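Take a look at the structures below.
Each of the next two complexes has subunit A plus one other chain: subunit B in the first, subunit C in the second.
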Partner chain A sequence: MKLYEYIIRRLILLVFVLLAVSVLIFYLTRGFERGFAPWAPYINEKMTAEQIEEVIKAHGFDRPLHEQYFYWFRDVFNGEWGLTGTWGLGLPANRVFFNRFPRTVELAVFATILTISIGIPLGIISAVKNNKLPDHISRIIALAGYSTPSYWFGFLLQLVFFYYFSLWGLPNLPSSGAPSIATRITGLPILDGLLTGNLGFVWNEFVHLILPSISLSFISLGFLARIVRASMLEVLRQDYITMARSKGLRERVVIYRHALKNALIPAVTLTGIFFASLLGGAMITEYVFSWPGVGQAALLAVGQGDSNFILLYSLVFATIIVLANLAVDVAYAFLDPRIKY
Partner chain B sequence: MSDKRNAKDTVLEIKNLKVNFHTYRGEVKALNGVDLKLCCKEVLALVGESGCGKSVTVQTLIGLLPENASVLEGEIILDGDNLINKTKEEMRILRTHDLAIVFQDPMTFLNPVLTIGTQLEEVVTMDKDLLVEAIAIEKPKQKLDFTDLIKMDDSATEPKNLKISRRETKRIAKRLCAAILSLVKLPDQERILKQYPFELSGGMRQRAMIAMALARRPSIFIADEITTALDVTIQAQILHLLKELRDKIDASTLMITHDLSVAAETADRIAVMYGGNVVEVASSVVLFRRPFHPYAQMLLKAIPNIENPTSRLEAIPGTVPEMIDPPPGCRFHPRCKYAMDACTKKRPRLKEVEKGHEVACYLY
Partner chain C sequence: MNMKGIARNIMILISAVIILAAGLVGTVAYFITLPPPAGPVAMITGVIKDSATNVTISGATVAADGYVATSGPDGNYSLAVPLGTYTLAITAAGYQTYSTTVSATDAQTYTANALITKTPLPTPTFVTENKLVYEAGATFQWLDPHVSYYQYDYWILWHSVETLMWYNKSSATDLIPWLASSWTMVNETTYDFALRQGITFQDGTPFNATAVWFSLNRLFVMDGTSGTGVRGSQAAWMVQQLVDPDGDYFTALGADPSYDEDWVKSVLDLNFVEIIDNYTIRLNLATPTSQLLVILAGTWAGIVSPTETITKDYAYHAWNFAAEQQPQYNLTKYLVHMAGVGDTYFNLPETGWKFGTGAYYVESVDTSTYKIVLKAYNNYWGGPGNMNLPPTGKTRIATIEYIYTASFATRLLNLRQGASTAIAVSETDIYSVVDRDTWLDQGILQSIIAGVTVHGVVPTLNTWWIDFNTNVTNVDGSYKSWQPFSDWRIRMAVACAVNMTHMNIYVNNRLSILANNIVPPGTFPEGSYNPSITPTFSFNLTRTRELLEDAYANPLNSTDYDMYFYNGTEIPAGVVDNRFGTAYPKVVEIYVQSGANTFQQVLTTLTDNLNLITRSITGTRSGLEFRVVIVPGGQQYTLASRHQIDGYMGGWIADYNHVLNWLMPMYYSRGTYPSWNLWNVTGLDDLYDQAVAADEEGNFTRLVEISNQMNTIANELVMYMVWWHDTEYFTRSSWLKGWYVNPVYGVDLWSAMYYEQP
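Entry: the complex of A and B
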């Protein structure tokens, strides 16, 4: 089988995954009587009870759940995802989602870059200096990383870099929020800022990203460092490493050319899944830093039981997870020539 | 090597080498004073059973002992230098040129995720002299002959202009790699260079590994059980290749094997190891005809004879010595039927009993 056939097969499977997820979430959000009224966005306080009845009938909210599902399905096919609740000012759910999504992408990219650029070197140092001082230091950093609750670490960062730094009169980092967007071209605020030459905005956005990115990557870089250390130690015991050394190659070449490529496979899995879950929005971190991404929105929507937004959010998230897994599988084929699909 | 040597000159001498391994169970006394001489351009086979210290001797020689091993005493003299005193970096540089080793299993010793080309090229590009010489002798539209370059390695002494551009390095390295592969009789070199180890057969992989060793134009070529992981027909092909190469590669060969027939077929001289010592050294003809050491005698009796296949083979009584707490004196004495009092007290050293025939035993 060719690689593209494999990809197509996996994409066809994606359709079924999405169907299953939509049914599940639909029943979970609408199947309980005491939950959020899905007609809430369509009514206001001035309406009489009869008018409300009419709205419910007009939108089919009085029908059995499976019929409602088909109505929802039909609307979604026409690009109508329904309205959000009061948290989203009653705007269409898809508009709210895709206005916020670029901000989440930015945060995910920054946090992943931080994770990779710190986690992988930490893991390598740990493995090469196994059981020596650098290994102990790097393992303590990793342990601290994955045992620290991210919200707590977020507060800590805010406290130090915003509160104390401004108290001491030092240049401080903003603790929360994001600058308002000036122009939209691609949708990604930083990229748009660069394209329009609005460097002030780019800097401002970047500064706002620093603390949430650090807070997010701190957990995952610990995991990544551990995985890289373990697989690196395993690879360094292999015969082909002895062979590489026996050729008289420099230790640097032995580690980066011969060992790392073999050791990276588990790290790629972890990074791929980590990046995908960040694209779904880091709910707590976005909430703590008031970062206007989809994670924060999902938390607000769940708080109000807003099924329209939750359905959209779940389906996009499911798609991202499936695609990320596919990307990881394809990456394997490039890292290890023995893997064929 | 810059000077011309006589055939009988010693190129490598190992004197009283003792190596211990630290383990949780105690000190493993792996080498108990190994003495070995490798003469110029000869093929010396080091034979012995598993755990007798053949591989440790080689690992010490190339400076790649595991971290839990330490050299207690002894010398390894190569070109007048004691290798034991060299730093890691000095040993690394020696491995890039003088000491080349081929290992046992071509499947696990080749990196599975790098092409044969990458793994061969990295050896070639380390040797700037080789690149310069290759550029000097290359002719357009004609294949490079690597044997010419091996000859040049001995003669050329004057310093050369070592500046080659990156592109030029890449181009000449490609041609060199193809030339080396054709030296080890691998066909269709361009394609093999682009392939990964798993795409080649066992024999081809072993040839590729030999190519990586020969690419360094070594003065000492070490073959560590290179036929053990191969099936018999491929073994024969690889041994045939080694015989063909021996005049071309201009190196002294140290061959490690536990297979006496392989040693008999390829080696000029054979050194028999037992329990961390070399117990007998002789030319391969003499050793097979008239072994002196009781261990060597019994070892030869344990080989099946094709002309008399029904007779029961003689086994050596007892088991391989425990290396943490080895028997005192001669490590073979608990299994030896000629054992005397002296054998349990002091280790016999190698001495020449006949011309070119050394044995470590109190019987002689």
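Entry: the complex of A and C
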């Protein structure tokens, strides 16, 4: 099978995956009247019994579940994903999602850049200096990274870089929030800031991104470093590395040109999945830093049982995960010529 | 020795050095605080106080050449020293070091009192920028005053949109003319209001009778439609009830309007606002009521600029402005468009608005970060006697930012650092900002954060209770045979099963006023709040046991007793069967909202107590079990409105400050809300009708008397297990001066505040 055939087949499968996900999430969010009433986000304590029934009827929650699903499906095809609850100010779910999604993309990109730029070198150093001090330090960082709760580490960053830095009279980073977007062109705030020449905004957005990005990347860079280390150690024991060394190549060339490319395959998988999961929004990190991304929104929506938003969120997230897996598989083909589909 | 051996030895060496260093530091510390000398000694004693407030300071350190003492809770210290002359250095956290010399040359007691001065706080950025930053974990909903029905929105609106009547600063009952200069009662259903002259809206439009006509009719034709299009669900009904007591026109009052041009014209024909001249209006009511003035003082009755409103709404809805509104504004055409429409530009004014007369206009609203920026309106008239401005010579705060910061830890950090002026602190986090003992023992909210003041507590117009449903139905609408709370004994048993005084102190952090009946402090008219009408229950587990034993031995049923449905018809024999026990296992579910942590804790204690008793009575775990069920608020309201749950944690926040707004929803079976718990007490209905009549006559003495009677009956019946009335407290930078709050608003008003070094 050719690569493009493989991609097409996977994309067709994606449709079925999304259908299955939508049925599952639909049932889970709307199927339990007494356990988790789907209309709860639209009701307030001052509504009368009649008004409550009107809300239920207006949203179609009084119909049988399978009918509700098909009505929902029809509306989605018309681009109507339903309204959000009070947390989303009653705006259409898709508007809320896509207003916030660029912010999550930004955060994911920055966190991934940090993860790669720290995690991979850390892994290489660990492997090359196996069981020596750099390896121990790298191991401690990795262990600390994936064993530290993200909300706690986020708060620690705020405490040091925002609170204590300002107490010590040092330049400090903002603790939370994000600046308001002045102009929307592409939707990506930093890119739009650059396009409109609003460098003040770009800088402001950037400094607000630093702490949440570090917080997010700290969790994953440990994993990445350990994976890179393990695969580097394995590759470094291969015959062709011994061959390269025996040819008299410099150690730097052996490691970076011959070993690294092959050692990176599992790292690519991990980074791809990590990036995709970040695109789904880092709920806790966005909560701690009040970052207005989809993760924060999902948390608010779940808190109110807002099925419209949760459905949209889950489907987009499922799409991203499937596409990311596909991208990783395709990347293998380029990284390792032996892999064929 | 190999490399590993060297490394190990280095590690051992480093450890030894650390241990030695720690020992050295400890030894030095021990000898610096010298023990009392063996020879002749002098005593130096004194009291340490704050130089500004004269309050004693505990925990201050007094040092004299190595001799050290610490001031006790009363600010006193005592220091024994060898004879000699000493320089005392007194230090305390947040205070400047204080020095004084004492010549202690004889073996006697010397007094050295000290008044120490606080270290001046660095000026926070919000002061230099003359900006107020408020951070909360809650968000706004819709900001159009004619749509909003939510406390947080009102806070923004109070600063921006004004009303004909308002409250005199902090008084909940003293209503004063605000945008009106005076009012007169022409007859019992007709009131004339003279309007103030020379006031302009933030967009420059003059305030006049036309603006009042436009605003109140806009409220009418939008008919309480929410931002998501649910009709009749918002605040408009309060004003609508003044002109439509029979419910012929408006959804919330029972009508099913067509929202077409004819309907709009019929609403305008109600002639609620009649323009007498440019600065005089007449309000024509359908029935007399003393509620008029308090209803007019609510944000829903906000007066807005027709120019700004029409322009922005036409643009927002892409209606043909040029064709319809030129060359002259046609207010009626706009109102026809708005009939039954709650989706307005002003709900989420992303690029701001200038349609109020208030102290601030909205500059921007960010719907993804939830940030709202208000800017001072320079031509603000100031309110009567400039009441709504800072004192002469003080500068009004120029910018107010409302920010959403979900995490309390982050908010607290921002407050400490000076990034925010004010933050929201929930009752479960209160001891992060105030000293626990001072609050619980002395009732004083003493801030534990330098530069921060915690104001309060201020009672608010709300009450919480357990609502007992007397007509519980199944999901299919059929009547349940198990009706635990139709039995007075079980209601009373539940109400006696928890110590609410204890709970309020140790679970609720003493942040509420225990309720004796439904009506909270500050309710209009004076005397409506009557704490002497006390509940018939009190914490008594013996009584709970006796009542439940009786209910177990002689269960209520509709065969042996006369029982009635909500509609008044008799329940047939065999329908209600309240037997419980091993052979008839039963469950009583009490619902509570998710997130209401304090309520959940109290209810858990309550049900634990009950279950211990029922287990010993029935001899089995499942004979009768009380359960707490936690669900999202909206779900609880729905199930309650369908009468599907036995009991729930209920609460009421006054829509407007009038006792009728309590008596109707709580006790009147023909009103809007009691259908939730299906109480139908003929005596209470009759009394309510009498209360309305007394109100129409303006006979407040009689009104209060009836209110008292109704509360007494409800307490005897144990209609509710009333818990408490909330109070509010406000965590603010100490730089913020001129602070005030009104219990009716439930929030503090920043337009009269200014910054000054604390």
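The criterion applied here is as follows: the second predicted complex is superposed on the first by the 315 of 341 C-alpha atoms of A that agree within 3 Å, B and C clash if a C-alpha of one lies under 4 Å from a C-alpha of the other, contacts with A are read in each partner's own complex, and residues count from 1 in each chain.
Here is the rule we go by: a residue touches a chain if its C-beta (ideal position, glycine included) is under 8 Å from a C-beta of that chain, and two chains touch if they have at least 3 such contacts.
The model shown is predicted, which means the values in this text are computed figures rather than measured ones.
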* Compare subunit B and subunit C by how many residues of subunit A each one touches, and report the one with more. => C
* Is A:238 in contact with subunit B, with subunit C, with both, or with neither (first, second, both, neither)? -> first
* To do: Have a look at where A:97 lands relative to subunit B and subunit C in the superposition and call it first, second, both or neither.
  => neither
* To do: Answer with first, second, both or neither: which of subunit B and subunit C does A:166 touch in the superposed model?
  => second
* What is the contact status of A:296 with respect to subunit B (first) and subunit C (second): first, second, both, or neither? -> second
* Touching A:247, do we find subunit B (first), subunit C (second), both, or neither? -> first
* **Partner chain in contact with A:43 - subunit B first, subunit C second, else both or neither** => second
* Structure fact -> In the complex, subunit C touches subunit A at residues 139-142, 149-150, 226-233, 252, 347-348, 364, 366-371, 403-407, 409-410, 413-414, 416-419, 475, 594-595, 631-635, 637-639, 641-642, 644, 651, 653, 655, 672-673, 675-676
* Structure fact -> Listed in rising order, subunit A residues that touch subunit B in their complex are 238-240, 242-250, 253, 257-258, 261-262, 335-338
* For subunit A, which residues are in contact with subunit C within the complex? -> 33-34, 36-37, 39-49, 51-56, 58, 83, 85-87, 89-91, 96, 99-100, 103, 151, 155, 158-159, 162-163, 166-167, 174-178, 180-181, 287-290, 292, 296, 303-305
* Structure fact -> The residues of subunit B that touch subunit A in their complex are 62, 64, 92-97, 100-101, 103, 105, 108-114, 118, 122-123, 126, 196, 198, 209, 212, 216
